[in-house]
Amino acid sequence: MLKTEISSIKLKTPLILASGILGTAGTSLKRIVTMGGAGAIVTKSLGISPRSGHKSPTIVKEEKGGLISAIGLANPGYENFKDEIEIAKQGGAPVIGSVYGFSFREYIEVAQGLEDYGVAAVELNLSYPNVGKTGAFYGKHKELSFEVVKAVKESVGIPVIAKLTANVSDIVTVAKSCEDAGCDAITAITALEAMKINVDTGRPVLGNKVGGLSGPCIKPIAVRCVYEIAKEVDVPVIGCGGATTGEDAVEFMMAGASAVQIGTGILTRGITIFKKVSKEMEEILKRGGYKNVGEIIGIAH
Amino acid sequence: MRVTRIKEIRKETERIKTYILEEKVDAIPGQFVMVWIPDVDEKPLSLSYHKGNMGITVLAQGPFTNKLAELRVGDKVGIRGPFGRGFKIVGDSLLLVGGGVGVPPLAALADEAIQNGKKVTAIVGAITKSELLFVDRLENIGVRVLTCTDDGTCGTKGFTTDVLRDILKKEKFDQCYTCGPEIMMLKVLYEAKKKGIPTQISMERYIKCGIGICGHCIVDGTGQRVCKEGPVFRDVDVEKISEFGKYHRDASGTKIYFRNRK
Amino acid sequence: MLKTEISSIKLKTPLILASGILGTAGTSLKRIVTMGGAGAIVTKSLGISPRSGHKSPTIVKEEKGGLISAIGLANPGYENFKDEIEIAKQGGAPVIGSVYGFSFREYIEVAQGLEDYGVAAVELNLSYPNVGKTGAFYGKHKELSFEVVKAVKESVGIPVIAKLTANVSDIVTVAKSCEDAGCDAITAITALEAMKINVDTGRPVLGNKVGGLSGPCIKPIAVRCVYEIAKEVDVPVIGCGGATTGEDAVEFMMAGASAVQIGTGILTRGITIFKKVSKEMEEILKRGGYKNVGEIIGIAH
Amino acid sequence: MRVTRIKEIRKETERIKTYILEEKVDAIPGQFVMVWIPDVDEKPLSLSYHKGNMGITVLAQGPFTNKLAELRVGDKVGIRGPFGRGFKIVGDSLLLVGGGVGVPPLAALADEAIQNGKKVTAIVGAITKSELLFVDRLENIGVRVLTCTDDGTCGTKGFTTDVLRDILKKEKFDQCYTCGPEIMMLKVLYEAKKKGIPTQISMERYIKCGIGICGHCIVDGTGQRVCKEGPVFRDVDVEKISEFGKYHRDASGTKIYFRNRK
C-alpha cells in the first residue's frame, strides 16, 4: 500500500531519513532501516574534507516541538565515508548521499565520489542556515542553484535531488531553476534560520549563535512550500520539515510530495518512527478508501 | 537550557575540581549533564553527586575544562539533562573499577548502593597519590577502597587491572562497574568475564546534542547512541560494539584509533 | 522599571498589541489597554475602502502553539475607522495605525488620513502572506520597500514604522532600505507563509489556502530576525512573533528589540497577557539585577 | 478542524433542516460550532442537539447554507468547537422566546432544563405555520409551547413579543431566554425587565475565527467578543453593549444598522 518510487528509486515506504539526523555512521543508517523501518536514508551532508563543525551548544530544544541546531556541517569528509556507505547499504534500502560544497568543484568532487561508493542518488544541500557566509547562499539564488545542479547533473549518472531552503522570497522560482538545470527531484525544506537567547545570561545559546529551526513547528511552512512547488514543477517533490505522524506525512503527500523525510521527529517518537508513521499512514489511507499511497499525491490541488 | 550558579568548588587534586551547583537533581548514577559556559562551549560531564544539589567533578585538560577551572562560586553555567542511561544496581556485592576522571560517576553509584545497603568495593587508580580521586569520600560512606598508582606512591604500584586480577582470585562479586580509559575498561571486561561477573561499562564518545538526534556519539557494530542508549552499557551489549577498545570518532566523525592498544 | 520610548512615543510597558488581533473596533483596542495592560496598540491594517477579506475558514489552530490565519485584510476602510481611533485613544495609550495599500498612493492616502485622526504613528504593513499577488510583494523587495517608506515618510509628520516579513532571503537588506528611506522604527516580523491540509478531505483548510503562521512556533525565527536587524540598523526595532511570556519578551529585547508586540499569545493567556507578561518581565529583570528594561536591549550582541 | 460525516438529515420546514452529525459532543446549550464545507466556506451554527451526536438546524439563506442544504447523509463536514459561553439555567420556571432560527439553541436549552426537572414555557414564532420550528419536539419533552405566526395560520396572530407581553401579565418566571432577530430580543429584554425577570440573550455577530483572536465579532460599548464572552450574554451585560439593537458589523467591519428599528 505504501510502495512508491522517486525517479526510479524504489521505496517500500515513502518515509526517508532526513540528512544530518543520526547519519554520521553506516551502522546507524543501517539500524534506521532495519530497526526503524525507513524506506530510504540520506547520509549526513558530506564535503571534501573532515570538518569539526561549530562549537557547542549545537542544539537547543524549543518547548513548542522545535529544535534549533547548528552542527556546522561536521563530517569526516566523503572519502572517510566510503565504508559507512557500504555498511549502510546492508540495511537493504536505498542510500542517498547528501553533498555540500563551498564551490561547484567541491560539489562535483563529492557527488562523483559518492556515486563511486554506490549511493542510489545524491541530494544537494544548497543552503546551510548556520555556516557563515561561505556556501550558505547557493540555495538563496536561483542562478547559483541552477549552476550547481547543472554542474553535478553533468558529472554523475545517478539521480540528483536538490534540497531547498524556505529562507527565500520565492521558493518556487528556485525550484523551477533546479528543474531547468535537470534535477531529478526536489526536497523541501531544510531547517529555517532561527535563534535562541538565554535570558539568565543574555547570551545566544548556540555556539554559532544562529541555527536552523526544525520539527513540528515548521511543518505548516514546509507543507506550503511543497504545495507551491508541486503546483509549478514536474519532477517529484520530497517533503521535509516537522513530519512526525502519519497525518503529517499524508498532509505532505496531499500537498504534492511523492515522499517525506523525517528528522527531528525521532526526538519524540524514537528511531522506529518510520514504522509507526507507516502504520498510521496505512490507517488513514484505509479510512479514506485509498488503495495505494500514490493516489493521494497532490490531491489538495 | 537552564542556567544555575556554582554553589561550591572543591579542589580534589591538582587538576580536578568538584563543582556543586545550585540546581537540584534526582538522577541515576552514571547519567551525565551537558554543561554550558556561555560564549565558550558546552560539554558532557557525569554527575558525581546525583541527588540534591548536582555535582560534577572535572579534570582541566582543554579549552572548556580549563575555562571551567577559572570559574568561581556564584558564576553562572547552563545545564541540559541529566541524559542517558545510568548504572543499574544488581546483586549485593558490587565491585567498582575507576581510573582518572572515570571515578566521579562511580562515586555517585557508590552513594546510591551504600544507601541501598549494598556491599561496595572500589578499585581507584591514578598516576600518583595526589591524583587519586574520592578515596576519602568513598571510605567515609563505608566503601572498601583499594588504591593503586603507577608510581607506587599510594596503594599497589601498578594498574587497576592488576588489582582487579588479584582480588578476583580471592573474592566473588555480583556485579562489576567500570569507568575510565577505554583500554582499561576493555581489560576489566575481560577479567570480570573470565570469572563470570557481569560488568556495566560507562563509555565516552564525542557528544554534541546529548539527546540522541545528531548521531555524533554513535558506535559501530550496533549503531547505538552513547548519549541515549548509553553511556552505561552492559557487557553483552559492549561485545556487539565492534569499535569498543579500538577507535572512537572525533568532532568531525573521523575515526581515531586508541593509541596504547595492546 | 518597564517605561520606555520608541522614537519619542512614550510607553508604560514595551508590550504592544500586534496589528490584526482584536483590532477591528475602538472599544476593543481601548479594552486591551485598560483591562489588558498594553503599552500601545496597533489597529487592524486599514486600506482605502472596505474589504471583506477571504472566505472562511480564516484561521486554523496548529497543535504546536501556532495559528495559521488568512483574514485577507478585512477592514472597514480607514475613513470608517475615524471614530474607532477616537474611542481607542480613550484607553490612554498611544494608538498606532496600521496601513496597507495596493499602490504607493493608497499607502499615502491612508497614512495621511490616520494622521488626521490623531494616531501616534503609522505602521506600514509591507507584506501580507495571504493576499494574492497584489500588494503582497512590497516587503519582499528592498527597492519597493524603500519607495513606500519614503513616499509615506514625506507625506506625514508622525513617526513611520516599517513592518517586515521574514519570507525573504535577507531581511537585513530590506531593513536597511527602510532605514535609508527614513523610517523611524522597524517591526519584525509578520506571520510566515504557511498552509494546512485536512487529511480526511484532502482539502486545504483555509479559504485562501495559504495563510500566515503566527504564535510561539515562529518565535525563534523572529528573534533571529530582530538580532540580525538590530546589529545593522540604528533605528529602534520592535520585535513581533510568538511572544507569549515575560521570558519571550526579554529574549526579544536582549536580541535588540526596543519593544515587543503580542498577538497570538492572547489565545492562550487572554487579553490580560500584557499585564501578565509585564509582571514576568519585571521579575526577570529583578533577578538579573537590572534597574530598567532599557539596560537589556541588545545585550546578546 | 475535525472532519465528521452527516448521519441523518431531517427536514424541519421548507427551508430549515436539521443535520445530525457522527461526531459526539457534550456541550452547553447556546454554544456554537464552526461548520466547514471544504472549498466553500465555514460558518457559525448553534448546536440544536448538544449531547451525544451533535446536531445543527439551519435555515438555507445564502451561499453557505444553501450548499449545506445540498449535502446528503454520509457527506463530510469539518467542525471546530463548541465555542463560546452558553445559557445558564437559573431558577425553576423558565421562559424561552425564540424567533426563526433562533429556536435551535433554545430547544437544546429546553432539553437540558427538562432533564434537570425545570418547568419550561416556550414562545415560538414564525411568519407562517409551516415555518414554525421544533413545536412537536418541545411539546414531546414536556415544554408548554405557545406559538404565534405573522399570518395567524397557527397560534396567536402576531409577534412573539405580543405573546410575551400577554403571558407576563398573568404569570411569573424565574428567568427568560431569548434568541432570534435582534429587534425582537431588544423588545423581549424590555418586557422582561419591566416585570423584573432576568434575561439571557444569545447574540449574533459576524464570526470569523470563533476563538477570540481576530476581533471581528466585537461589540461596541464593552469591546467584548461574541464568540468568546458570548454568544449568550446576561441582560446586565447587554445593557452595556451600546450597539445592541442598533447595528452590527459586516465581514469588513463596516457598521450595518438594523433596518426595522422602531
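Letters A, B, C and D mark the chains in the order given here, with residues in each chain numbered from 1 onward.
The rule is short, and it goes like this: a residue touches a chain if its C-beta (ideal position, glycine included) is under 8 Å from a C-beta of that chain, and two chains touch if they have at least 3 such contacts.
Note that the coordinates shown come from a computational prediction; the quantities given were computed from them, not determined experimentally.
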item	value
Subunit D and subunit C - chains in contact with each	none
Count of contact steps on the shortest path from subunit B to subunit D	3
Greatest separation from subunit C - chain, by CA centre	B
Rounded Å distance, subunit A centre to subunit C centre (Cα mean)	33
Rounded Å distance, subunit A centre to subunit B centre (Cα mean)	36
Cα-centroid distance, subunit B relative to subunit C, in whole angstrom	51
Numbers and ranges of subunit C residues touching at least 2 other chains	196, 200, 203
Residues of subunit B touching at least two other chains	none
Arrangement of touching chains [line / ring / star / complete / other]	line
Listing of all chain pairs that touch each other, if any do	A-B, A-C, C-D
Sites on subunit D touched by subunit C in the complex	1, 3, 34, 36, 38-43, 76, 78, 80, 208-216, 218-225, 249-255
Of subunit A, residues touching subunit C in the complex	62-66, 68, 140-141, 167-170, 192-197, 199-200, 202-204, 209-210, 213, 216-221, 223-224, 227-228, 247, 250-251, 254-255, 284, 287-288, 296, 299-300
Touching residues (chain side subunit A, partner subunit B) in the complex	20-32, 44, 50-53, 55-61, 67, 69, 71, 74-77, 80, 87, 196, 198, 200-201, 203, 205, 207, 263-264, 266-267
